[in-house]
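Chain nomenclature is as follows: A, B, C and D, assigned in order of appearance, with residue numbering initiated at 1 for each chain independently.
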Amino acid sequence: MSTPAAAAKPEVITFTEAFSRALHDAMEMDPSVITLGEDIADEEGGGIFKVTKGLSTKFGGARVRTTPISEQAIVGAAIGASLAGMRPVAEIMLMNFITVPMDQIVNHAAKLRFMSGGQTHVPITIRTRTGAGAGTGGQHSDMLEAWFAHVAGMKVVVPSTPADAYGLLLGCIFDDDPCLFIEDQLTRTQTGPVPVKGQRIALGKAHVAREGKDVSVIGYGRPIRDAMVLAEKLAGEGISIEVVDLRTVSPLDTDTIMKSVAKTGRAVVVHEAPRSFGCGAEIVARIQEQLFGQLKAPVLRVASRDVTVPFAKVLEQEYLYKASAIEASIRKTLEQRASR
Amino acid sequence: MSTPAAAAKPEVITFTEAFSRALHDAMEMDPSVITLGEDIADEEGGGIFKVTKGLSTKFGGARVRTTPISEQAIVGAAIGASLAGMRPVAEIMLMNFITVPMDQIVNHAAKLRFMSGGQTHVPITIRTRTGAGAGTGGQHSDMLEAWFAHVAGMKVVVPSTPADAYGLLLGCIFDDDPCLFIEDQLTRTQTGPVPVKGQRIALGKAHVAREGKDVSVIGYGRPIRDAMVLAEKLAGEGISIEVVDLRTVSPLDTDTIMKSVAKTGRAVVVHEAPRSFGCGAEIVARIQEQLFGQLKAPVLRVASRDVTVPFAKVLEQEYLYKASAIEASIRKTLEQRASR
Amino acid sequence: MSVNDSFTPATRLAIYRTARLINLIDERFRSLLRSGRLAAVYYSPRGQEILAAAMGVHLKSSDYLVTTYRGIHDQLAKGIPLRQLFAEYYAKATGACKGKGGPMHITHPASGVMVTTGIVGSGLPIANGLAWASQLKKDGRVTLVTFGDGASNIGAFHESLNMASLWKLPVIFLCQNNLYGESSKYEKTTAVDNISERAASYNMVGVTVDGNDPEAMWKASGAAVARARAGEGPTLIEAKTFRFMGHYFGDPGAYIPKEEYDAHMARDPMPLCRAALLSSGAATEADLAAYDEEVNAQIEDALQFAADSPFPDVEEIDRDVYGVVKGAAA
Amino acid sequence: MSVNDSFTPATRLAIYRTARLINLIDERFRSLLRSGRLAAVYYSPRGQEILAAAMGVHLKSSDYLVTTYRGIHDQLAKGIPLRQLFAEYYAKATGACKGKGGPMHITHPASGVMVTTGIVGSGLPIANGLAWASQLKKDGRVTLVTFGDGASNIGAFHESLNMASLWKLPVIFLCQNNLYGESSKYEKTTAVDNISERAASYNMVGVTVDGNDPEAMWKASGAAVARARAGEGPTLIEAKTFRFMGHYFGDPGAYIPKEEYDAHMARDPMPLCRAALLSSGAATEADLAAYDEEVNAQIEDALQFAADSPFPDVEEIDRDVYGVVKGAAA
C-alpha cells in the first residue's frame, strides 16, 4: 500500500500515470477496447488531464475519439458500441458533468441486461474525475457516487493508490457490466508503488489495507490515504487500526466489512461526499443490522458538510471531511462504552 | 389520516384531486405562480394524468404552458423565471425522465442560492410521478428521491394522504427553495379526507401519523398507508405502533424521529425505493448514532429489491417492498432483546 | 439496391405483406386488450405500417434496429419471431426478454432488434454506438434508429445527429412524424416546418417523404441504406404519417379535430396499398386472402405459444442484474 | 435603437471604452496570476472584448445576462462594479457572492448579471425562463445569454432555441465562436459551417457576424435587442472571434497552429479599434491615454478594496444553503 514512505521509494508512479498505463495496456491487450471523450486525442493534447496522452497516436483515431461537448452522445455511443461487442471507455471530464448523461447511464446502461432478459449487456467503463480542495467551486468538485451505488446494475469503483487505480481500471474495462470509475483530481500527482503489468483487481471485493484490532476505519478513495497515515501515527500510541478500503463501493462487499467490525467492535466510516444520504449511511445501516449487540460503540461517520462546495479556500476546507475528524472519531469510539 | 374506513366517508377526495386543487388554489392566490410541462394545457387534455386540467382555461396559456419534450428546457425555464421572482411549478411527467434535467436541478437549482451568496434563490417546484406496481416496467417506475436528498439545497417531499398532498404541494410552491414533489402513480385514485382550503403544511417537519409505544415505523409515501393499516391490525393484538410520516424526506426532521425512537426503543424504516443506498440507510445511521444503547433491537429496513423494476407482475410484486415484510420486521424487533 | 432501381409490383407486394402482418397483429392485440385478455400498456402503430415495411425490405437481419415503445411495426419489419414477441407481451418466461422487459423493452439480437426504449430520444445516441462498432469492424451493417416527431425536440437528437455526421457513421435516423406527441400537436412543440430541415444543422442529408406512400418511402429508405453501406454517412428521413389509434391504447384522442382525423383516415395507407397492388396485377384478391389466412395462422400459433408458456420463476428477479455475481442486495 | 441608426464615431468610442476596460482588467489579472498574487482558475476573454462591448452598449442594467466561466467581458460590459467583482476573484466576504461562488459563478442582480455557469450550455435554458418572466410581466427587459461554439453541440442548446422560438421569448443567444472548445478545433466537433445556420432548425433569425468588427457587431446586436424588445422573438447571433490566451490561464495552447494564431493576432481587434477611433477623430491619443489612467485608477481601487477585505467567516458555510432553516446536515 502507499504510505508517505512509499512516495520516497524510487520505483513509484503517480495516479495519472497509473490511469494512463491501464488504458494503454488494455487497448494493447484487446482490440475491442476503444475510448472516447472530450479533447482526449493527441491532436487535442491527449486530454485536459493528459491521462489519454499517446493513445490516439498509438492506436489510431478510429479507436480513440475526441468528441463534441455532448455527454449524452458520448455515453450513448459507448453503450451502443458495447452492445455490438466492444469494450468502450468513455471519459466524462468532471463528475458534475455526469448530470447530463444520467438518462443514458441509469435508464439504459444499468438496465439493458435485465430488461433484455440477459440477451444483451453493457460492458462500458465511464472514467470521471472530481474531488474538492482545488478551489474550483460548486460545479466542479462533487462526489456523486451515492447516486450510482443506488442504481442496480451499476458498479462503482474508487481507487486509493496508484497501483489500485491501475488494477481496478483494468478490472472495470474487462468487467461485463457498466462501471463508473472515479479519479480524484486532488491527489492525481501523488505517487505509490508500481503495479504489476496486466494484473487486474477483482471488483466487488474490499481490501484490508492494514490489519488492526481496536477500530475499523472503512471507506474508499482519498480518505483511505489519510486513514493509513493516521493508523501509523496511532500505532505509536498503541491504538491498533484496521483500514478497510472498499475499492468497489457498489456492489458492496458486506462480508469483509462485517468480518472486520466483528473483530474490532468499533467502526468509523469515512468518505469525501457530503454526509447526509451518502454511501456511509448504507455501511452504517448494514453494520448495525448485522452486528447489533456486538458493537462496543456507535458506528461514527466522517464526511464533508451538507452544503454546496464553496470557492473560498477557508470555506472549502471547512466543507471537506478532515483527517483530524477521523482521528477524533476513532478516539471517541474508544472512549465510549456501551451505556447499558 | 386516511384509513380504509375513510374511503367510505362522504367528504373525501382523491390524490389527483388534491394535487389539482393545490395548483388551482396556488395560482388563484398568487399571480407569480406559473406552470409548465408536457401536455399540461387543456388543449392537450389537461395533462396525461389530468392533474393540470382546467388550469390553462382558468389562468390562460401565458401562465400555463404546454412544452416540447425537452426536460432540460422545462426545468431551466422554471429556474430562470424563479430568478425573476416567479414561483414556477414544472411537471416532469414520470420520475425516470428526471434523469434528463439533472444538470439543471443539481448544478443550478440547488446551488444558485449558495453560489450567489444569497443574492438569488430558486423557488421552483418540480412535480413528478412514479411508483412500481402498474406494470410499466424498468423505465417508468423508479423512486429516485435518495439522489436529491443527497444534494444540499434541495427539498424532497412525498405525501402519504390526499390532504397532505394538498398541504405539502402548497408548502412547496410557496417555499423559497427548489422542491421536488413526488406523486405516487399507483395510489392516485385512492381517497382521503378533504384538506382545508389554502392551508399549507410546513416543510421539514415529520408528522406522527399515529402514536404508539412499542415500535416506531418510520417512512414516507405509499408505505405509510400500509403502516397505518398494520398499526390498526396489530393494536388488536396489543402491539402499539407509532407511525412517523416524514412528509419531507430532506431536510430530514431528525428530532421527531429521535423523540419517537427514544420512546419506543425499536424502529422499522420503510420506503418503496430499492434498499441499498436508499434514504432508509440515512435514517438508520442517524438513529444508531444518536440512540446507541437505548435501542432494544437493531433498526430494520423494509424496502424494494436492488434490481431493475421487472415487467411481469409476478416479478414486479417480488421487487416491491411488502406490507407483510413491515409486519414481520415489527414482530422481529419485538422478539429481539439486546443480546448483551 | 441502387437508388435507380425501379419500384416493381413485386416490391410493392413485399412491402404490403410486411405491412399487413403488422396490421393484422395490431388489430388482434387491440381486440385482445379490449376484451381484457391482454393486459399491457400498448402504443398502436396503426397508420405507420407502410413506412416500417418499406424500410424493412432494405435491411438484413444482421443490421441493427433501435426503436421505441411504439416499435412493434419496426420490430416486425425487422423480422422478430412472433412467438417470442407475443410471449413477452404476455410476460411469459419464453418471451424474448423472459418477461422481464415487457413490450416497451423488446430485444432480440438474432433479428437485429438491439434496443427498444421507453425514453423519448434516448435511442439515437445508442444507435451511433452500434454504427461506430460496425465502422470499426467493417462489418457492413447499417443501424436504423426510429423515433417520433416529438423526439426531434429533445437534446439527445441534436447531440446524436452532430456526432453521426462528424464521424460519418452508417446510421439512419428515421423520424416517424405522425403529427402528434402524446396529445400535443406538432406545431405547438416543434419550431420548424419539416423536421428534415434540421439535418442542415449537421451537414447531413435530410429528406421528407410521404411515409404512407410505399414507393416514395422505399426509394428514400433505399437511398439512405445505400449511403450508409457505402460508408458515405448518416441520413435523416422524416416520414410523414399519422397515428390512427391515439397515443396509447385507450386514449380517447379528444384533442384531435374530427376533420383532421377523417381526412387522414380517408387516406389510410393500408387499403390504398392493397388497391394499388391488385390493380398492378402483382396479386389477386385470392392471393391476399390466402396471405391473411397464413398470417392469422401464425398469430394463432404465437398466441397459443404465449398462452401455454409459464410465467417467469420468482428466482428470475435476481438474474441478469450483473453478469457474474449478484449485486448490491444486502 | 432602430436597425437603421448609423454607426457614429461616438458609438465606436463608447464601445472602445468598454472593450478597453475589459482589456486592461484582463491584462492585470493575468499579470497577477503570473506573479502568484492572484490564485484562481481564469478563462481569459482576450480577443473577445469588442463583441461584448458592442452588445453591451445596447443593454440596460435592468436587462438580464446569463454567461459562462469565460464571462468577465460580458459581466463588465453589463456594468458589474469592479470592487465586488475583484473581491469575488479574491474570495473575499465583500465579493459579489461573498467569496462563496468564485469567478465561475459571478452573480450581481443589480447590474443584471443573473447567472454565471461553469457547465457548458446550461445557461440557455435558464435564459429562456428569465425571458418568460419578462414576457409575463411585460417589463420590456431583454435577456442575453452568451456561450461558445462548443456549447452549440450540446443538447441544452437545441431544446432552448426550439422553446424560445415557439414562445417568441425576448432572448438573444450570443454564440461567441472563438474557433476552439478547450483544445478541440471547431471543425472536429461541429458539423455545420456556420453556427448561425442552426437557427433555421427553429424558424429563428440567425446571423453570423465578425465579432471583432465594432460596427458589424453593434448593428447585429442592435437588431437583435430591438427585435426582442418589440416582442418579435429571439435571435441567434454567431460572433466570429478568437481566443488569444488559450482555454484557461496557463494553457500552453500547443494545439493551435502557429500560422493560425499569428494570422488572428495580426487582426487583434483592440489595436484596430483604437486606430479607427483615432482616425475618426472621435478621440485623440491624449484622450485615450487619459482614459487608460482613469481605468487603471479604478483597477487600483478595486484591487485595494479586495486586498483590504476579509475572507468570509467560517459560519458562512451554513448560510445560503436554504432560505429559512439550515438544511440536511445532521
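The rule is simple: contacts are C-beta pairs under 8 Å (C-beta built on N, C-alpha and C of every residue); 3 or more make two chains touch, one makes a residue touch a chain.
Since the model is a prediction, treat every value here as computed from it, not as a measurement.
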item: Chain pair, A-D or A-C, that carries the greater number of C-beta contacts; value: A-C
item: Centroid-based (C-alpha) most distant chain relative to subunit B; value: D
item: CA centroid of subunit A to CA centroid of subunit D, Å; value: 37
item: Approximate Å spacing (C-alpha centroids) for the pair subunit A, subunit B; value: 31
item: Inter-centroid spacing, subunit D versus subunit B (mean Cα positions, whole Å); value: 41
item: Residue list for subunit A, restricted to those that touch at least two other chains; value: 67-68, 70-72, 96-97, 100, 103, 107, 114-115, 137-139, 149, 152-153, 250, 252, 274, 276-277, 289, 306-308, 310
item: Multi-chain contact sites of subunit D, meaning residues that touch two or more partners; value: 97, 99-102, 105, 117, 119, 153-156, 159, 162, 166, 188-190, 321, 327-328, 330
item: Residues of subunit A defined as touching subunit C within the complex; value: 34, 62-63, 65, 67-68, 70-73, 75-86, 88, 103-104, 107-108, 112-121, 123, 149, 152-153, 155, 175-177, 204, 250-252, 254, 286, 289
item: Residues of subunit D that touch subunit A when the two form their complex; value: 39-41, 91-92, 97, 99-105, 117-121, 150-151, 153-155, 181-185, 188-190, 254-255, 311-312, 314, 316-318, 321, 327-330
item: Partner subunit C, residues of subunit B touching it in the complex; value: 38-39, 43-45, 48, 66-72, 96-97, 100, 135-140, 274-277, 305-308, 310-315, 318-319
item: Parts of subunit D lying in touch with subunit B, wherever the complex brings them together; value: 64, 66, 95-102, 105, 107-109, 114-115, 117, 119, 122, 124-137, 143, 155-156, 159-160, 162-163, 166-167, 319-328, 330
item: Interfacial residue positions of subunit B with respect to subunit A in the complex; value: 96-97, 99-100, 102-103, 105-107, 110-111, 114-115, 137-139, 144, 146-147, 149-150, 152-153, 250, 252, 273-274, 276-282, 284-285, 288-289, 292-293, 295, 297-301, 306-308, 310, 338-340
